[in-house]
Amino acid sequence: MKFLEDIDTRPLLLVPVLALLAWPLIGSGSTWLTLTVAGLAMGMIIFIMASGLTLVFGLMDVLNFGHGLFIALGAFVATSVLGAMGDWTGSGTWWHNMVAVLPAMLIAMAVAAAVGLAFERFIVRPVYGQHLKQILITMGGMIIGEELIKVIWGPQQIALPLPEAMRGAVLWGDAAIEKYRLLAVAVGLAVFVAQMWVLGRTKVGLLIRAGVQDREMVESLGYRIRRLFVGVFVAGSALAGLGGVMWGLYQQNVVPQMGAQVNVLIFIVIIIGGLGSTGGALIGALMVGLMANYTGFLAPKLALFSNIALMAGVLLWRPQGVYPVANR
Amino acid sequence: MSTNLLTLEGVHTHIGAYHILHGVDLVVPRGELTMLLGRNGAGKTTTLRTIMGLWSASQGRISLGAEDITALNTPAIAQKNIAYVPENMGIFSDLTVKENMLLAARSAKNAAQMDEARLQWIFKLFPAVEKFWNHPAGKLSGGQKQMLAVSRAMVEPRDLLIIDEPSKGLAPAIIQNMIDAFQQLKASGVTILLVEQNIHFAQQLGDTVAVMDNGRVVHAGRMQALAEDKALQQSLLGLAL
Amino acid sequence: MLIVTLLGLAFAPFLFPGVKALSVAAKVLIFVVLVAGFDLLLGYTGIVSFAHTMFFGIGAYGIAISSNTWGPTWGALATGFALSLVLTLLLSLAIGLFSLRVRAIFFAMITLAVAAAFQTLASQLSDFTGGEDGLSFKLPELLLPSTEFSEAPFLGVSLDGRLLCYYLLFVLALGLLLSLLRIVNSPFGRVLQAIRENEFRAEAIGYRVVVYRTLSSVLSALYACVAGAMLALWLRYNGPDTSLSFEIMMDVLLIVVIGGMGTIYGAAIGAVLFLLAQSYLQDLLRLASEAASAWPVLAALLSPDRWLLWLGLLFVLSVYYFPTGVVGRLRSRAALTSLSSQARSKDVA
């Protein structure tokens, strides 16, 4: 892969700098640690949700304002699956819980992927190249989807409690670090590493990276990039579904509007990261997660605004995001 | 097997409201290097792009051998064993030189599967490609990028090479490398369609020549004949070969 | 069709008796202004901004807060209105200028984020804005429903403050719509369209795209602000969901698409069609749902609470099949008929 000197390292410093800046403001070291882990966990979950969207945009120039739908779908599917596996989630042992959680994740991803396939075929494909229509239609698609969720699961919020063994916290000195958050960080890292591996070490990944830069040339080299796009879209939807499951467990409840709610956060993340950049999405997501938790503690009323301020700040520094994708 | 690998008959191309190609008739004989010459704006690049399906011909027929490829999409056309090097080289600057080459080698799943012998051949002609193998292609100089672009077209055997101004802006020393490369390619039996503005380049390499002006081919024939006829050169291109 | 709409709205209180009908008519007036302003930005300048409802909210809150804080006098309302206009001006200027630093796609997403944040802010600053519950307030005496101008009803409608309020809105809406038509048919409007078609060329000819875009952005926001004020006057209540919700933005988008982008008339016709559908669709669905009660799934799909589902479907379909909207369709039909009549007259001659 690349030589270290070629990687633009300055943006990598953003996350630690933000974390360090918050320390004096928060005061106590243990609170800072709790908040930071919470922020990283939240950021990782957001990354899982956002990574698919940024690739879809980068590769095919498609603005999917309906991405939140797959997140909501994943979360709701999880409520059904976990609800049905009450004895497994009620058990106090880790691996018993995983027997319930893992299938929940996989089924959620499968459902989201299937819906993603239909979404691409019927909603996105007809409006190729027309940004305005894409915005309108994908929003319309999300609304339809949201309403269908209400039809299937009902319009009210549904609780999604954490399985027994995942509750509670680990104590590190004075800091209480929730077990689930550590799991989230682990899963997020795994997804990130898997993505980087596919992008960097496989030919498919190579095609995606090249396609993000210059779609025409990739076609001129004889590759049917259309099919690749459908694949990326479906994978992105599946990841959103996974993110939905984790987000639902993080909040411990799900509402049909959650897709729309998270949409805004995800857009902020991919704008900060640069449309089309996985690494950028990770940085953006971690920053948003940290920011949300720090301001949640320091000045709760400013939470959403703080993320917008963050986005504005990054854009003033780099108008195309942290890692803009070259030649468009 | 017909003697012409690529034939264009009465091809018109519209881009939006602009009518660029006004009935292009072009034949590219098999195994030869056909030069496509003409002033800026004559429609040379548009012709190449239309052949590759990047722009659609609004009228006319494009045939590869006996097959009509006019309505095919770009990947399908490229898969007919055609390599295309566009005017802007089409280098993926965020990818390494190796990755650029790997992309062009359709049948290779990873770097190890690329044809070693061909790679050595390319390295001998264009040492810079070997030198910067693991570096991002964006770090290469303009000339080196052009060499990489041509190398990509060579990494696997192809029937037809379509190349748009490979020597643009190159220093004279490097141009000689290019000429060597094309001569070796010709010797290997590949058919080449080359757009050029560099007269020296054209004269050295061209077997057949076609001259375009205002979206039409206004002269077609042997390069030899054109090279000897100064008056014809003057009228077609405004300068002597 | 336009004339029918105009007359219908002008005489609505008399033609369609009943509280609900009048409410719908008033809403139509408000939305006409709101959507027409949006069309200036979207249809004529080609900019997508989700911050439109934010300015709607500012206008509404301007009236609500001033009436609450300083009492329901004309002076208070005027001050509140003026302040909300100033705030709108400043914010839209900032947003408009910011849009130049970033690409259009970014801009759309950013305005979405800003609008969402504003909505959250409005519900959080409860001391000021009444929080989630919003603010109920009084109007100056003249506009109150309890104020009667004459004892006997006129043509079956009582002449009270409410009626006056309605006609105030009507005059405002008409005036604003006409002014907007004037703007888009002026040289300014034509430059906007030129910029939308080909920004580069417009700049090359010598028009400072920056200035025009920002101006359009500010104007559109100001219209939204006034529409918000109108809303507050009519409802005598405002809350985050009333004027800032995303649903309203979707409604605006729907109307502009169905009515026809880039045709101010489209806003008017679209608003009528949409609001009629919205108000009466739920009743329709209720009927259908009851009829289908034997099949629970179908009944659930047809439930009146799910009207947004059908609206969403309609929306998606109209983006595909109705890209020029109702007005576009009517215009092309009119063009075809005039062409064919021209052809016929040529034959005769």
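Per-chain numbering from 1; labels A, B and C assigned in written order.
Keep in mind that, in the parts below, a residue touches a chain if its C-beta (ideal position, glycine included) is under 8 Å from a C-beta of that chain, and two chains touch if they have at least 3 such contacts.
Remember, it's a predicted structure, so these values are computed and weren't measured experimentally.
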Key: A-C or A-B - the one linked by more C-beta pairs in contact   = A-C
Chain at maximum distance from chain B, centres defined as averaged CA atoms = C
Query = Which chain is in the middle, if each chain's centre is the mean of its C-alpha atoms?
reply = A
Ask   = Using the average of all C-alpha atoms in each chain as its centre, how far is it in Å between chain B and chain C?
value = 56
Task = Measure off the straight-line distance from the CA centroid of chain A to the CA centroid of chain B, and report it in whole Å.
result = 43
Inquiry  = Suppose each chain is reduced to the average of its Cα coordinates; what separation in Å results between chain A and chain C?
reply    = 34
Remark   = Seen from chain A, its contact residues with chain C in the complex are 57, 63, 123, 126-127, 131-133, 135-137, 139-141, 143-144, 146-148, 150-151, 155, 260, 263-264, 267-268, 271, 275, 301, 303-305, 307-308, 311-312, 315-316, 319-320
Inquiry  = For the complex, give me every residue of chain C touching chain A.
reply    = 42, 46, 48, 98, 101-106, 108-110, 112-114, 116-117, 120-121, 124-125, 246, 250, 253, 257, 297, 300-301, 303, 305-306, 308-309, 311-313, 315-316, 319-320, 323
Ask   = Which positions of chain B touch chain A when the two form their complex?
value = 52, 54, 73-75, 78-79, 84, 86, 90, 92-96, 99, 102-104, 106, 109-110, 134-136, 138-139, 152
Ask   = Within the complex, which stretch of chain A touches chain B?
value = 1-3, 6, 203, 206-207, 209-210, 213-214, 216-225, 325-327
